[in-house]
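In what comes next, chain A is part of two complexes: it sits with chain B in the first one and with chain C in the second one.
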Partner chain A sequence: MMGETEAVEIDDILDDWFIESLKSYKDLHVYQLEHPTQIIEWTSGKTVCVAGYSSGKNEILELRLPLKLLADEKKGLCAERDFKVVHGGFSEGPVCCLRHIPGTRCAVTNDGLNSDLQLWDLGADDTDVIRKTGSLPGTSVSQTGSRIAARLSSSPEVLHGAQSSAVQLTQLGTGQTLYRLEVDSTEPLSSLKFVSETAFLASCCDGTVYLADTRTSAPPQASPPPGECTLWWTDASAGPQCRVIRLSSSGQAVVSDLRNMGGAVCRAQLDVQTSPRKPEDVTVAWAPALDGCFSVSGLSGLVQIYDTAGWRAEPQDASPLFQHAGHSVSSQHGDGSAPIFITTHVWHPERPRTLLSAASDGSVHVWDWVDPQTN
Partner chain B sequence: MPEIKVTPLGAGQDVGRSCILVSIGGKNIMLDCGMHMGYNDDRRFPDFSYITQNGRLTDFLDCVIISHFHLDHCGALPYMSEMVGYDGPIYMTHPTKAICPILLEDFRKITVDKKGETNFFTSQMIKDCMKKVIPLNLHQTVQGDYNMTPDRHLGAAWIDKCRPDILISESTYATTIRDSKRCRERDFLKKVHETIERGGKVLIPVFALGRAQELCILLETFWERMNLKAPIYFSTGLTEKANHYYKLFITWTNQKIRKTFVQRNMFEFKHIKAFDRSYADNPGPMVVFATPGMLHAGQSLQIFKKWAGNDKNMVIMPGYCVQGTIGHKILNGQRKLEMEGRSTLDVKLQVEYMSFSAHADAKGIMQLIRMAEPRNMLLVHGEAAKMEFLKGKIEQEFNCYMPANGETTAVTTNPSVPVDISLNLLKREMVLGGPLPDPKKPRTMHGTLIMKENLVSSEQALKELGLNEHQLRFTCRVQLQDPHSDSDTLHRIYTHLKSVLKDYTIQHLPDGTVMVESIVIKVSSSAEDANAKVLLLSWSYQDEDLGSYLSSLLKKGLPT
Partner chain C sequence: MTCMKRIFSKTRRITVGRLVGVTLTSGRCFHAELVRTESSGLPIVHHSKYVCDLPANHRFPMAKFPRVLHCLLQDQVITERQVWVPEIASKDLLGAVHTEDYLNNFISGRINEQEQRRTGFPWSEGIVRRCRYETGGTVLAAEVALQRGLACSTAGGTHHAFPSYGSGFCLLNDLAVAAKYLMNSSSRKRKVLIVDLDVHQGDGTAFIFKDEPSVFTFSVHCGKNFPVRKQQSDLDISVEDGLEDKEYLSTVAEHLPWLLETFRPDLLLYDAGVDPHWEDELGRLRLTDQGLYQRDHYVMKTVVKRGIPIATVIGGGYSRDINKLALRHSIVHRAATQVWRECGM
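After this line comes the complex of A and B, so read on.
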């Protein structure tokens, strides 16, 4: 009978991690989606989109964060701990990449099977349905998915491409190509990101990074891979002092200044427990509101947060400042089937220590960690 | 085709005052009779004018079924039965019947005494209403506000693949994804622990039943694990009442609680002791569970008054508080309260609102729907604009409706009525010969259907019903011009019928008759006319059609 198999012993829940979490997290929320997601994308300060990636029909959901998390001074008076599905829709195929176009209620997705993009209206107050409004043909014949980037602009535009040779900026309303990245190499991309209103980084899986500007047709600045490894991930921090971090599948972390990509400001060797092989396996992200801190998932079954403050030019082993083990600890797959892996994670754009993480078992965690150094 | 009609009177594209009318099999049933907690005027009651514009509802309803004791499902029951007027049966489970009047009375007291309402039901009305209640066992009733994960003290909902014609589900929580129980408990323990560590006192106002026991078990286990020394108290009034109800309704709780209860008295804790009101003045940290839950009177209010002025202390409200209570006021952020005798109370302690309520969420609701496999889904208890996605999601797999209040949804059904056949009757049919029973070749047979059991032979039915059997036979005389002898005429009839009625059994019997199936034909000479014959046909009621056909045929004469 269902009730019997799901009964949990009270003593079980008071395990070490649980007791530890009373001090190590200010807030902790654990959710179980019907289907796992590979994307978490902010659509406002209070809402995120998640979507399924199975081969058939999938749901796209826009979730409002629990009110209790966002309440601040009135936190105690708010009992609301749940996600609210504010909008939902259906995609005919998997959703491997989803980007919200800032300033609009529009989102762009890619299914990871080719470079075509789908366009969506996330819906307003009068409806809770997310509708497909159109599609954009891909920029190349490729078997890998497109990376997508967007920033606030007067008319909605999207930067996209699956390979370094096929990156373009497309105007959403007209479908017109506004800009094309002039690069010959057909290396698959691991990420695309705007670093200013017109400048962007196109980062390749092999570790090469191109810095280009959509206003000019001049060739981009290319920066070769910073080390010996065949698979790299990249992220650029926000703000005037833009730092770029490149991370390899062997755990080499290299931090450079955007204006001097050839040199390295500091390096470190991170501990790798798993062996990431595909671009989707790893997520690396600078903390938007914690200077010098970045997070990584995919090198182990945890989300790890590092502080580069103590890093030097000579690579040394680095230990994480904080680790979120929630997904492997509260995993529902206790029967020895395929191990859980973290599919993605994101930082809250303003709250310094709030993150969201998702795993292959459908779990989504929202956590606000306590800096162990301030205890 | 028979239909089932469903009309929400409350909670149709709205939240609160659950009340759904169902017309099924010729009966009118009211499912739930709730109060809308957000209104103070008539909008808080379901709209009964849909049933009848004036007068009592007794003639229009066959019964009322109450799913559970939450006020938004039963809060309007005394109003409906005593003020609008209904004298028919009201069905609910035993525990619901026990708990309903307590909640209704509490609610009435707060609304009338605290808020000064006049158009409200009285204590006597609650009593009179409950007299009309007929308590039932679970397989006879529906279950409301379900949850797919088990509470510590209630079992999880589970359901057969019963394939109902209609499954009615609320939709408010179908767009919620619930935070885990573990995290809610973590937050509770964290807050309690932090308060105790700084030397403060924690007050937890609780209802007589429900969460209190669960939170006690949780705290006891935590205290043991962390080796904590601060005292935890539990008000004795609570213990007695709770013990009493648990003993009565132990079969309604889950396996684990049953085991615990049997092995030890639930309230023999190591760290939790009975409370005495003098303890409230003791220095140092402590945790106290006290009633009532909304801080509107009694012990919990007394303790609250003593502790409210100290910012090291904390009050944890584990549930919803009705408007007008102190609990409701402090949860709205009020930091200065007006007490009796115009004195004011400064609220300096920390106020924490924690929800441990037992609703399901999106995943749980879809799981249950898929398990039941309904032919049609009907959504209630949600706003129209916020239900479109859910409706679309359900429609991937099932038919789905979402009527507004007063709007009727009619669903056609195709009820199948299985009928068994008695062995004797079956054997008799086999003896008559002919091909074996074949579903593709229907064959007429005679029997009597007793709705209670099965299809039997007429004799058995008559015997069971204590009736005598009467046989009905028809006779008919046909005049024929025929100069032959009687036996020759008979033979000519035989030959004629054999050529015309090829599919029938025709026999020429040695006793001088011709038989067509069971119809008997005799020939005799006419007394008046030597060249005329009189044919006597006789048949039983079952062969009426063939008999009349034969008589018409023979009236036409025989071929030469």
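After this line comes the complex of A and C, so read on.
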């Protein structure tokens, strides 16, 4: 039983953090979902999808961001400070991966238990229902879930697979396989991402990265793990100078140029407070609109932003530029329950310092942080 | 006679022109650099030193104080002749509420990092000075209200300050200092009712007067807003997010008349915070400009009609559009001007 003193102390911590947050954030909006989500996926500049991951039935929700956040100059016109549910539906199983097909109102999901995919219609203005429209059989017998990638194309297509040996590009309308990645290794994938209209990175949990092109059946360029560790996460930045970051569960961060994956542009050692063990424990993402910055969640109870500007070839300890502690601060229970963890986070595609993050207690935050160096 | 000496000895700050018309009525004197006893208009209390410099991009809308006055003058709601100028609050005045240690540390800049963080302000001599002037302004407004019936400061409402520490942009508790001083400044102890309609609970004030029967603290606030850790006012009304004009006004109307009837205050201090407004960045209620005006008019008219003196402070408001915010804060002064007229004051 939590004593009164403890309750008061927790309240104090919350109040302290609130005052602190006025300085460290330009905006901060907090939302509480009934059930936690493991995915946050942009479906437009103003909307995201979230979904439950419990073993039974789960909700899939499309949320609109607080208008007050998006308004900028015209903030005065927008009273709405909350997320608004604009569309919703139900999934029979957990949703571990959800990808929006750009240019459509379609989404593709995977339940993390095998490599089958479910197809969804996110709904239009005339309905608030997200409904399942079909499914795609998986490409392999797998106990890990599939990763999914999509990019804008003339006909809706999805790149998916649970292992490096079973990645394929499937046309949604016909179910036709347009491309298969020719790799023998059956290493589980940590991510799949398009780096151009036809080129993509298939990143494995062991740190191996394959760079391939859907136009050619030639074998992909393989890049071995950049260090001694058995669990890695990868992200590739957008834009002409594509940088790839690989992060290990021990906190080793290696940045390479896409065209020279064998070498490392720079390295650093990040501080690890938790011990991530599963692929879904950690999210690492380049900032779409902040050169050289990336974010990571899962190494501690916070979302951390790093700036690689000062990083060198020789690995050195790196400190975060900014840390979002909102989820851990507001989840103090004192009742012996497990500490909460960040399940996922994403950057806003255009606003340089806006992110969304979700935690295991069902909280979803959208925050626009102030660069401490300009304060 | 000591009063006369106090006013006339400040010849550095008061020009000869302003001395014309200074009268002393019934031996009352004011903690003022400039009195306006010759003016028959609504007394407004303002000091140019209500502001200080803050680091660029600081979240506290410091510039609002002079802008409130400016927009009232520009819109010809008031004239300069109505503006009383307060003295800086002395250590003695402050010491009736704040601890000696805190005051010494506060004035000399020995507030540690952690304490500063909780206040939201980096310490500076400027911030000390402006807080003291602001507190002096609330004291003066209360003094003038006792004499004229109604007076409005263009600042004030720093209700999160506790005796030994500051919090939430509040470093000194102006309402508490004013209440304490006025409570004791007459031969018979005065009863003071503090009506705090800022969207955040007046926790500092509640704490300071929890054992003082002569001061009644009444706070209407949004439950989910800061502070999470609430104190216990004499009457707390915690309202739900999203409350709109009609329900909010009826909540105030439900309690104010019976409070006045049963407590029978000799003075009312009114925190007219505008952060219940729907555009406020921190507040979670949905009042409109009209709603705020109706609220302020209702409170002041109800109190004045019962012959109870009332002094108002502007309370909290958070918006990055300073002009809009200043205009919003000036609603209480406009409503007061209307009440002044309606009640033939």
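In this section, the second predicted complex is superposed on the first by the 357 of 375 C-alpha atoms of A that agree within 3 Å, B and C clash if a C-alpha of one lies under 4 Å from a C-alpha of the other, contacts with A are read in each partner's own complex, and residues count from 1 in each chain.
As a convention for this text, a residue touches a chain if its C-beta (ideal position, glycine included) is under 8 Å from a C-beta of that chain, and two chains touch if they have at least 3 such contacts.
Just so it is clear, the model here is predicted, and its values are computed rather than measured.
> Per the contact definition in the header, classify A:370: touching chain B only (first), chain C only (second), both, or neither.
Once the two structures are laid over each other on A, A:370 reaches chain C alone.
> Touch test for A:184: chain B only (first), chain C only (second), both, or neither?
Neither partner.
> For A:350, is the partner it touches chain B (first), chain C (second), both, or none of the two (neither)?
Touch partners of A:350: none, neither chain B nor chain C.
> Just to be sure I read the superposition right, which of the two partners does A:228 touch: chain B = first, chain C = second, or both, or neither?
In the superposition, A:228 contacts neither chain B nor chain C.
> I want to verify the contact counts: of chain B and chain C, which reaches more residues of chain A?
It is B that touches the greater number of chain A residues.
> Where does A:317 make contact in the superposed view: on chain B (first), on chain C (second), on both, or on neither?
neither
> Classify the contacts of A:20 with the two partner chains as first (chain B alone), second (chain C alone), both, or neither.
Second partner only, chain C.
> Starting from the residues of chain A touching chain B, keep only those that also touch chain C in the other complex, and list them.
Touching chain B in the first complex and chain C in the second, residues 11, 14, 18-19, 22, 76, 79, 81 of chain A appear in both lists.
> Could you pull out which chain C residues touch chain A in their complex?
So the residues of chain C in touch with chain A come to 55, 57-59, 117-120, 167-168, 226-229, 278-279, 281, 284, 286, 319-321, 324.
> Using the touch rule from the top, collect the residues of chain A that touch chain C in their complex.
8, 11-12, 14-16, 18-20, 22-23, 68, 75-76, 79, 81, 370, 374-375
> Show which residues of chain B lie in contact with chain A when the two form their complex.
The touching residues are 148-150, 152, 155-156, 158, 175-180, 182-187, 189-190, 193, 217-218, 221-222, 225-226, 254-256, 331-333, 350-355, 361-363, 366, 385-390, 392-393, 396.
> Chain B touches which residues of chain A in the complex?
1-4, 6-7, 10-11, 13-14, 18-19, 21-22, 28-34, 57, 59, 63, 66, 74, 76-90, 125-130, 330
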